[in-house]
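What follows is a set of structures for review.
One chain, subunit A, links the two complexes that follow: it is found with subunit B in the first and with subunit C in the second.
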Partner chain A sequence: MLSQRATPRPPSRVPWWTIGLFLAPTLVFLLVFTYLPIGYALLEGWPHLKEVLRSPDTLRAARITLLYTFVVVPSTVLLGLVSALLVEGTTRVKLFSRAVLFHPVILPMVAFASMWLYFLNPTSGPLTLGLSALLGRRVSPLTDVDLTLYTVAAVAVLKDFGLYMLFFLAGLQSIPRQLYEAALVDGAGAWVRFTRITLPLLGPTLFFVGVFATMTALRNVDHIWILTPQGGVTGEAEVFLFHIYMVGFFYYNLPKASALSILFFFLFTLIALISIPRIEKGIYYAD
Partner chain B sequence: MTRGISRRQFLKALALAHAGVGLGGLRGLQARPQPVRLDFFYPVGVAGPLARIIEQYVREFNEQHPNILVTPIFGGTYAENQTKVVAAVKAGDPPDTAILLSVDLFTMLGLEAIEPFDSLLEGDPEGQAMLADFFPAFMANSTFDGKVWSIPFQRSTPIMYYNKEAFREVGLDPERPPETWDELLAFGKKLAKAGRRGVQIPEETWGIWMLEGLTIQAGGMLWDPAGRGCVVKLNTEETATAIRFLMRLKEEGVSPPDLTRWRTTPNDFATGAVAIAYHSTGSLGFIRRNARFAFGTAFQAKKVRFGVPTGGANFYLFKGQAPAKREATWTFIKWMTTPEMAARWSIDSGYVATRRSAWELPRMRDYVAEVPQAVTARDQLEYAKPELSTYNRPEVHVAVERAMADAILKRKPVPQALADGQQRIEEILAPFCA
Partner chain C sequence: MRRLLAWGLPLLVSVPLLLPALWVLVAAVTPTYAINLNQFFREWTWENFHLALASANFPLLYKNTVMYTVGLLLAQLPAVILAAYALARFRFRLQRAIFYLILFQLFLPPVALIVPNFRILTALGLADTLTGVALPYIGSATGVFLLRQGFRQIPIELEEAAQLDGAGPLQTLWYVALPLVKPYIAAFSLVSLVYHWNEFLWPLVVINSPQKRLLSVGFASFTRSAESGAEWGLIAAGAVLVAAPLVVAFVCFQRFFIESFAHTGLRG
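Right, the complex of A and B next:
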């Protein structure tokens, strides 16, 4: 088996400066826009870590982020799964629906959010007006303080679930047909087939999508920026990253923003370290 | 394919073209000295095609001053523009001048970003005459420690807009707007009906500006102008009175039950969804173009006295500017603020013409004859107070509005919301003021 693989060219034959030359364009940008800022943030932020930990604003931002994530992740994953089950197949209607559902994924988030900004405009948005007429009182999903967070969450869900649908479609393709046939012979109904075959075998996909969706939810702020001027009328949608931006570039407090970034990085890593092995335990990998 | 030019011919032509451009540039260099290049950052704070108007002004300035070349750089909203300016200053490459909120004097001082105009004003009688010609109310936020830190440009005050046809419809005299808070409430009750609110006073985005006005009208002040950028007085009886009045308007069904929006209010008024609105005089242009009914403007109503804060933005100078550029920058700022330009900018935008002599110009007289609503903001200046200006102003601003929202949305009792907000503000100011 091994002998069939092409042996890689030993690295010693390539002069170091060639390697450097080819790496340079990427390296320069990484250095200037990633590595140096990380170093800067560590130096600037470290002394302010305690202050930031004690700040009620930090706690508030963390709470909002958690709520946002708990709303967005399950809805995106569920919607992705359901739509994948619905559009699996090759009929023309299914192919067309697939394209429609996937479409938001290829749009830039800023464009997608701007479109919703029009629909949700507090005075003239068709959605706002329609909803208000339906309920018989003035409702503005974007600016009513109790609704803002859920509205921006919904926009994020609509933007992203198409991508997960694609992953689930790929996952569904990889499930062997014989299993379903055997189940049919045994007289298993649709629900049993789904819970006993589809869902367990989608495990790896589900896991991957779940982790990916969580990361996206924690990182996405573009649409919040477009849809709400300051994270909501009174900051209801000021998720952690948004809070860091506000502190750094609206209040011009870069040291504090750096400290928040460090905190965010550690929390992020901690969540990953604790949750990923635990979730992965319950997953069945074929092969 | 043979009819097309060959690759070699094409490259030759390209090279020649480049050489031509290069030589042309050289010739231009010989003909006259290189102009002083200036970068000028500006924001647009209200609706409308104002960026186009600013670019036009700069084009005219450049045509009239062959030895200066100003590059206008549109920075977005006030906040976005200021972020760009601060980033440029921190990076050691400050703009030559920028338009920033007059109330961000201390914010910019805290960032060690700006320089005063005094060295330029010294021995410049023309410049000193200019300062004396500005309405004193507009200069109030510009001076600190005996120095002049900014030159007024796009200035405003909040005013009252009222729908004369709605007044007539409910039997009110359309030439007699409400003068007191009690009247505002009573008139508002009469005017409110299905599909129309009585009164709208914005409570977010620039809600702080409205709160300042109401506090002044109640006999207080939201901050201490003599406090060196360190004193905010949110937790006072007058501020509580102001907030309770806003809540009363809601309880009586005169104002919308949720927080009143800053951005949508001009549109709500222009479409007749509300009969009386408080907003910036800068929205006059928008309302004039869009309202299909006769409307009036008036002073904001008084509790114990008339009064509003001033508002708007000024020209600033930045640290680290090359000395050769400073004179040219001064020439540009003076040109942009002449009485003629002040009148033009006022007519084009709706902002108040900043110089007293501007109002004597034929152009301005004609405008006032056509749009009598435009004089309200100017006359109200007599009762105006300087707008809240502190260190770290953007964060203080957010803290005040969140305290307001806590009270108005009844998340906390009024005194509790104000006390908490006050404590928050003290924390924000501490690094600069302790």
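Right, the complex of A and C next:
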């Protein structure tokens, strides 16, 4: 990880058109399918932007998204970190546990969500019945309007945290062993070693995983489609992308959906502007 | 006591996560009426699979999904390899600008622009085609940065030696650099295949004709109709059929899966 290539190489003698040909396929697809759609959304959606901004539906979707993200992101990151700490090492039990914790990541979300559909079924689901018996009153995590959003959030958390566990494991491995040995010599306990060495040195990983988890939370609505047709009984799980989907492809109001897409695009741009300066160095100079 | 914790705690956390998957496997071979009576492990049947195969044309769904995922990967690889190599090894004007142009796409997955992307596809006459589903993913920023990192790990001297021997950039890439980044290409390929095999919302929007459906979409619409009849055995069998190829591959190549997915977290 030394910057062995910090000195610039002599300018290559590759002619400009060769470089152009190397870059062309990626750039063409990027322009047509990322940048052209942005332009299209701006053109089509702009006249409807005011109307969309004033609509209570938009505000509601934004509020739901905010709450959903605030539930999902810290839980996935925390669960990922804790499980990474638990399975760090190479014993058989830890490797097995690692594979088990990771396996939901490779399952199709539609399949993963439909098995929860059984457990959470409002009349016969074992989880519904168990929870109701435990609390002594009828509770349905999936269809009680004040619980739906938390339930779909929990399904997303269980599906995704295994991936973040891997990122944290990689982060843990990059911490030099000597630091822990030195701390042990100084008589530092496990908690002190964790808060004074592990956590600070995991800082960049934490930031990266946080951004990654936020973007995943914003863009993944497959489980909502399966668990709550139409985003919940009264739309209480209608996060922003789901709202765009409903407006565009259920009510078929494409201009309005384009206007909503502009807002969504601004949100992702904001995340990019916040995180690029902090992760850029890692990407640009990573060796 | 410490040793007991060292293997007890990981198992205590991980094994419960396995239960839903095990339930699906059991339910898939249990008659639906028995599931609804909560009677497991008494009766076994392949009936659920027969019903699932009959009601959702799984062979066709498999064929479409394999064509989509493999076809997309074959289109992604050349595009991504060439761009990654150019960014890693060439020096040119606008390099920073192009770098950021690609980097920004990491933050704009095609599904975030689902409506305008669909409009562009329709304008190009590619709505309701699997090609249309694949196109927005061909210029993959994840792939470009992953492979760029791979190319930068190679000692530059090897490529310089090839250049001295008269090899052009394309030959240097093909004969010298590419064999050395095989692990990166394998990791990217695996993640791309898994991601697109599982993909749902974008193909749901693009594809209209039932005969062009992908596995996840076919399964989801079939779940919706089976759910209202509480046909859990059927749904479980469908879930097994959708996930089986990936799960079998995962069980066989666990390490490769875990290492590949760990790679997708570009160093931050």
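Heads up, the rule we're going with is that the second predicted complex is superposed on the first by the 231 of 287 C-alpha atoms of A that agree within 3 Å, B and C clash if a C-alpha of one lies under 4 Å from a C-alpha of the other, contacts with A are read in each partner's own complex, and residues count from 1 in each chain.
Definition applied: contacts are C-beta pairs under 8 Å (C-beta built on N, C-alpha and C of every residue); 3 or more make two chains touch, one makes a residue touch a chain.
Note that this is a predicted model, so its numbers are computed, not measured.
Engineer: Where does A:Val93 make contact in the superposed view: on subunit B (first), on subunit C (second), on both, or on neither?
Structural biologist: Touch partner of A:Val93: subunit C, not subunit B.
Engineer: Per the contact definition in the header, classify A:Pro122: touching subunit B only (first), subunit C only (second), both, or neither.
Structural biologist: Once the two structures are laid over each other on A, A:Pro122 reaches subunit B alone.
Engineer: Tell me which partner A:Gln230 touches in the superposition: subunit B (first), subunit C (second), both or neither.
Structural biologist: A:Gln230: touches subunit B, not subunit C.
Engineer: Counting only touches as set out at the top, which of subunit B and subunit C does A:Ile38 meet: first, second, both, neither?
Structural biologist: second
Engineer: Figure out whether A:Val145 sits in contact with subunit B (first) or subunit C (second), or with both, or with neither.
Structural biologist: first
Engineer: Which holds for A:Phe249: it touches subunit B only (first), subunit C only (second), both, or neither?
Structural biologist: both
Engineer: With the two structures laid over each other on chain A, which partner does A:Leu135 touch: subunit B (first), subunit C (second), both, or neither?
Structural biologist: Neither partner.
Engineer: Looking at the overlay, does A:Ser114 come into contact with subunit B only (first), subunit C only (second), both, or neither?
Structural biologist: Only subunit C is touched by A:Ser114; subunit B is not.
Engineer: In the superposed model, does subunit B or subunit C contact more residues of subunit A?
Structural biologist: Of subunit B and subunit C, the partner in contact with more residues of subunit A is C.
Engineer: Under the stated touch criterion, which partner chain does A:Val185 make contact with: subunit B (first), subunit C (second), both, or neither?
Structural biologist: Neither partner.
Engineer: Overlap the subunit B and subunit C contact sets on subunit A and report the shared residues.
Structural biologist: Subunit A residues touching both partners: 124, 229, 249.
Engineer: Quick one: which bits of subunit C touch subunit A in the complex? Just the residue numbers, please.
Structural biologist: Listed in rising order, the residues are 6-7, 9-11, 13-15, 17-18, 20-21, 23-24, 27, 36, 38, 78-80, 82-83, 85-86, 89-92, 98-120, 135-136, 138-141, 144-145, 149, 152-153, 156, 168-170, 194, 197-198, 200-201, 204-205, 215-216, 219-220, 223-224, 227, 230, 232, 235-236, 238-239, 242-243, 246-247, 250, 254, 257-258, 261-262, 265-268.
Engineer: Which positions of subunit A touch subunit B when the two form their complex?
Structural biologist: The touching residues are 122-124, 138, 140, 143-145, 229-230, 233-235, 249-253.
Engineer: What part of subunit B is in contact with subunit A in the complex they form?
Structural biologist: For subunit B paired with subunit A, touching residues are 79, 83, 86-87, 107, 111, 204-205, 256, 258-259, 261, 263-264, 267-268, 271, 273, 392, 394-395, 398, 401-402, 405-406, 409.
Engineer: Which bits of subunit A are touching subunit C when the two form their complex?
Structural biologist: 5, 8-9, 11-12, 14, 16, 18-19, 21-23, 25-30, 32-38, 40-41, 44, 83, 86-87, 91, 93-94, 96-112, 114-119, 121, 124, 126, 158, 163, 166-167, 169-170, 204-205, 207-209, 211-212, 215, 218-219, 221-222, 225-226, 229, 241, 244-245, 248-249, 254, 257-258, 260-261, 264-265, 268-269, 271-272, 275-276, 278-280, 282-284, 286-287
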